[in-house]
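Structures incoming, each one as C-alpha cells.
Note that subunit A is present in both complexes that follow, paired respectively with subunit B and with subunit C.
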Partner chain A sequence: MTTITSLTTPVQPDRGWRLFLRTILARAYPRLIGQQREKAWIFFETFLPFLATIGYIYVYRAIQAPEDYIGFAVIGGAMTAFWLNIMWLMASQLYWEKESGNLPLFIIAPNSLMAILLGMAVGGLLATCLRALIIVGLGAWLFSIPFAISSFLQLFLVFMLTMAALYGLGMLLASLFLLFGRDAHQIVQLLQEPVYFVSGFYFPIKSFGFVVASAASLLPLTLGLDAMRQLTFASGPALGFLSVEIEIGALLVLSVVFIAAAKYWLDLVERKAIEEGTLTDRRR
Partner chain B sequence: MLNTFRRSFFPAAWLGWQIESNWTDPFMFLVFSIVKPVASVMILVFMYRAVSPAGTDSPIYAYIYLGNAFYIYVGAVMAGASYSILDDRERYRSLKYIYIAPISIPLYLLGRAVARFITGTIAVIITLAAGVFFFGLPLNPLGVDWLTFFAALTLGVICLTCMGILLGGWTMTIRTEPWFIGEAAAAALYLFSGAIFPITLLPGFLQPVGFLMPMAYWLELLRRAILGPGAAAFPTLAGFSNLQLFSILGAITIAFAVIAMLAYGYFDRVAREKGLIDSYHNF
Partner chain C sequence: MPDTALAIKTESLGRIYKIRGGKKSEPKERVALADVNLEIQRGEFFGLLGPNGAGKTTLIKILVTLLAPTSGRALVAGYDAAKQPHEVRPRINMVSGGESSGYGLLTVRENLWMFAQFYGLDNKTAYARIDELLEIVGLADRANTKTSDLSTGLRQKMNIVRGFITDPEVIFLDEPTLGLDVSASRDIRRFIRQWMTDRPGRTVLLTTHYMAEADELCDRVAIINAGRVLACDTPEVLKKRLQRDAIFKLEVSPLRNGASGVFQTLPGVRKFVHNPQDGKSELDLILEADDALSGVVAALTSHNAHILNLQKREPTLEDVFVELVGMSMTEAERASE
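Up next is the complex of A and B:
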C-alpha cells in the first residue's frame, strides 16, 4: 500500500535555491568521490608536481640557497595542483563536455551552469587539497623544511580567499574557453609555465620589482602564495611583496570580481546557446 | 623497403607538423612557441637571481640554463611519441586505419617524432636566443665547437627517438590513464638527467639511475661544445674525455635501439591481442 502511494504521489521537483544547492552537491560528488576512485589520477596528479618540485629544490641546493627557499618551492609545488585542477578540470571542462556531447544536456536542464561549475569547484577544491597536503607533507618530511607559522587564522583566511578567487577565475575561463574556439587543449598548456613563472610559484615575486609584481597580482595565486609564504616561514615577511593585510584585502576584491565576471559570462553563454543554437556544435 | 619508408615517414612527418601547428593562426603559434619555453626557463633564471649573488658569470648559471633549454627535446621527441599514439588512438580515433594501411608503424612514429623535433628546435632556439639577449647567457657562437655540438645533438636525438618508440609502444598497451605515461617519463628523467642540477646532488642510491640514462652524457657534451673550457667546472663527468662521453652515449643509443625494436614487437602483439588498437579511454 505504501509503495503504491509513493508511486502515485507526484514528485515535487526542486526549484530556486534548493535546486541550486542540489546541483552543486550532484556535480561535486563525481569530483570528490569519483576522482578518489581513480587511483592512477591520485598518484600521477601528486607524483608529477612533486617530481618537478624536487627538481627545483635541488636547483636551490645547487646554488646554496637558504633553507626557507626550499620551503618556498614546496609550497609552490603544492599550489600547482590547484592551478592544474583549475585549468584541466574547470576552465576546459565545458569545452570537454561539448566534445563529449554532454553540454546540450547541461544547458537544457533546469539548473544553472553557475551551480554546475560551483559543484565542480567545491569537489575539485576538496579533492585537490588532499594532493596538495601530500606534496607539502612529503616535502616537509624529505627535506626537513623549517616551518614557522605566525598566524593560523590569517593563513586559513588567505587560503580560502585565494581558492575563492582562483575558482572564480576558473569559472570565468570555462565560459571564455567555450566561447572562443577549439584551442582549449593548447591554451591550457600555454597557461601552465607562464603562470608558474608570473605567479612566483618557486621564488618570491618581490624579485620582479613593484610594477611587474603588481601586474602579476591580478592572478589570485600570486598574492595568495606570497601571503602564505610570509605567514609560514621565518624569512617570509622580509621577502614578501606587500603586507599580509593588504594582500588579504586584494584577494577579497579579486574573489568578488572573478565570481561576478564568471556569472556575467556564464549567463552570456546560456543566452548564446539558446539564441544562436551553435554553441554546442562540436565543429566550432 | 624504400617504398614503405616513403609511404610511412614523409606523410607522418607532414601530418605531425600539421597537428602541431595548424590548430591556430601563425601568430598564435609563434606566441605559443615563444611564451611556453621562455617562461619555463625564466622560472629558473629568477630562482637563481633571487638567491645567488654570483650573477650570470657563475658556471652553474649556464649549466642550469643550457640543461633546461636542451631538455625541451626530451619532452618533444621522447614523450611526443607517446602523445602521437594517444592522439591517433583516442583523439582522432584514426590509429586503426593507420594500422591497416601498408606502412610501418615504427617508421610512422619516427616521422611524427621529426615533426616534434622541428617544433622542439624552434623552442630551443628561442630559449637560447632569449638567454643570450636578455638573461646574460655566456654563449658566443664563434666559440662553439659546432662539430661536437651537432654530433652530440644528432646522437642524442636518435637515442631519444628510440626511447620514444619504446614509450609509444608501451602506451598502446596501457588501458588506464595512458596520458600520464609520456609526462611521467619526461618528469622523472628531468630529475635524473642532471639537466638543471648535477646528479651528484641526488641521494647516493638514486645517482646510478642518472648515470644509466643517456641524457647526462648528452647534456654534458652539448654544454662542453657550447661553453668550451667553462663547462669543466662541473665535477660530475669532468673525468671523462669527449671521446669517452661519445662512446658511452653511442653504446646507450645502440642499447635503446635494440630494446625499442624488441619491445615494440612485444607491445604491438599485446595491443593487438587485447584489442587495444582501437579502444578509447576517457576522451
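Up next is the complex of A and C:
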C-alpha cells in the first residue's frame, strides 16, 4: 500500500571536489560489493594465478635455486592479479559501460568522467588487493618464504606508486578500448603473455641485460616488482636492476605520464563521442 | 546572465550524421534534424511525437549534451547545451525506455544511491529521497532486491526514480513506457503528473510514439517526422484542425494489394490509411463530410470487401499525424527504414 504521494526531502547537491570524491567512492562501490556477492571471482582470480606461481616454485625447488627465488615467484604471482584486473576488467570497463547503457548517464551527470574512471580504478585496486594478499599469505604459509623487509615505508611507497602507474595505464587503456573497440582489445590480448614475460613476474629482470630491462621498464609492474623484491628479500638488492631510489623516481614519472595520458584520451573520447554521436550508442 | 525564462529553446537546430559504408566508399550523410525551432516554457509538460527514426532521440541527445548539433543552437535552462554543458548537466536528468542502467549485482537502493552520488547528493538526502520515491512508485518492497532480479516494468520504475531523485529543473523522458504493460505504464504516468503538480517550475520533455500518452499528459505537443517539426500546439488545438472532417475507422474483409490507391482518389476522401491485419483490413479514413462515406462503401463493394465494423470517432493525434504526414505512424516508420 502506497502511503507517500509527494516528495518532501529537498536537494542541495555538492559540487567541486566533494562531488569528485563522492563519484569516485560511488563508482568503486559496485566493484567491492560485487566481489562479496560473487565469490566465484575470488576463486578464478586467486587460485588460477596461484597455480602458475606454484609451478615456478617447484621448478626453483627442483633446480635447488636460492630460497629467495621462491619469494620472488610468490610476489610476482600476487602482482599478476593486478595485471589480470587491468587487462580483463579495467581496460574494457568503459566499453562495457557503453554496451550496458550506463555511459550516456555518466556523461550527462554533472561529475567528471575522470572521477568515474578513477572510481573504477580504486574499486578494482581494492578488490584485487585482497586477492594479492591471499596469494602472498598462502605462499608464505605453504612454502615458508624468508621475508627480510628492509624498509616498510619504501615498500609502501613503491607499492602505491606501482599501483598509481598501473591503474593510470588501465585508465588509458579503458579510453583507447572505447575509441578503437575490439581492435584494441585484440591487441592487448596478444600482448598478455609478452607482458608476463618482460615484466619479470617469476624471475628478476636483471637477467635480461640493461637494454631489454630498460625497455621493459615502460611497463609499471616491471620496476615495481623489481623494487619490491629488493625491499623484501635479503638477496633482492644484489639481483635488482636499478637502485630502489631510481626505480621510485621512474615509477613517479610513469604514474604522472599514464594518469595525464588517461585524462587526455578521456577528454578526447568524450569530445569525439559528442561530435560524432556514435561512441555512446549501444550496438544493437 | 543566462536567459532562464524558457526551459528549452532551439534555434534552427540541425544534425547530420555521416554514415560510413565500406572502406572505399565515401561517407554518406543522413539528415536527422533540420531547422528545428522550439520554445518550451518553464513548468510545461511538452511532448515530442513522431515515429521511430523521426529525430526525437537525436533532439533529446543534443539537449542533454550528449551530441553536438551541426547547425543552430539549443538552450537548456538558459545555457547553450553544446558550449556550456557543465552548466546544463546539474540542471537536467534523463530516463529512456528499455534502458538497463546500473549494475545487476547491486540492489535497487544501492544503484539509486550510486547515481545520486554522481549528482552530489549527501547520503542522508539520497536515502531519504530514494525511500520516498520508491514508496511513491510502489517499489519500496523491492528496495533490497538485486536489479538483475527485477522484471522489465519494475526495472523501468527504478529508472524513473533514478531520473527524479536529483529533482532536475528539466527532465527528458525518452519513450519512458516503451515495452511496459498497461498497469506499469499507468503507474509511471500517474507519478510524472503528480511530480509536475508538486513542482510547478519543473519541465518535462517527453518523447513518445504512443499518441494517447502524449494526448493524456502533455500541455503542448510537437509532431516531428523525418527530422522536421510539422506542427506544435496543444493537443486540443491540433485536433481542432480536423474537427470539420469526418473520421471513420472501418474493419473490412482483407483488401487486395493495390486496392488502396483507388480509395485515396475517391471524391471527398482526404486521407486513407490501410493497415492489413490477420484475416482483415483496418481502414482509417478522414473524409471531408459524412456523405463521402457512401462512395467508400460502394468502392469496397466493387472490390468484394465486406464491412465487419464501422465506427465514427473524434479526431486523435494519430489522425493529426496522418493529416500532416500523409501516412500512419507505422507506415512512416517503415518508410524511414
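Going forward, the second predicted complex is superposed on the first by the 263 of 284 C-alpha atoms of A that agree within 3 Å, B and C clash if a C-alpha of one lies under 4 Å from a C-alpha of the other, contacts with A are read in each partner's own complex, and residues count from 1 in each chain.
Methods note: a residue touches a chain if its C-beta (ideal position, glycine included) is under 8 Å from a C-beta of that chain, and two chains touch if they have at least 3 such contacts.
Computed from a prediction, not measured in an experiment: that's the story for all the values here.
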When subunit B and subunit C are modelled together on subunit A, clash or fit: fit
Which of subunit B and subunit C A:55 touches, first, second, both or neither: first
First, second, both or neither for A:13, with subunit B first and subunit C second: second
Contacts of A:102 with subunit B and subunit C, given as first, second, both or neither: second
Which superposed partner A:111 touches (first subunit B, second subunit C, both, neither): second
Partner chain(s) touched by A:37 [first = subunit B, second = subunit C, both, neither]: second
Inter-chain angle, subunit B to subunit C through the CA centre of subunit A, in degrees rounded to a multiple of 10: 90
Contacts of A:245 with subunit B and subunit C, given as first, second, both or neither: neither
Shortest span in Å between Cα atoms of subunit B and of subunit C, once chain A is used as the common reference: 8
Set of subunit A residues, in rising order, touched by both subunit B and subunit C: 38
For the subunit A and subunit C complex, residues of the former touching the latter: 2-15, 18-19, 22-23, 25-27, 29-30, 33-34, 37-38, 100-102, 104-111, 116, 273-277, 280
Contact set on subunit A toward subunit B in their complex: 38, 40-41, 44, 47-48, 51-52, 54-56, 58-66, 69, 182-183, 185-186, 189-190, 192-194, 196-198, 200-204, 207-208
Residue ranges of subunit B in contact with subunit A within the complex: 23-24, 28, 31-32, 35-37, 39-40, 42-44, 46-52, 60, 64, 176-177, 180, 183-184, 187-188, 190-191, 196-198, 201-202
Contacting residues of subunit C [partner subunit A, same complex]: 15, 17-18, 58, 61, 64-68, 82, 85-86, 89-90, 92-94, 96, 99-103, 105-106, 110, 113-115, 117-122, 125, 128-129, 132-133, 135-136, 138, 164, 166-167, 194-195, 198
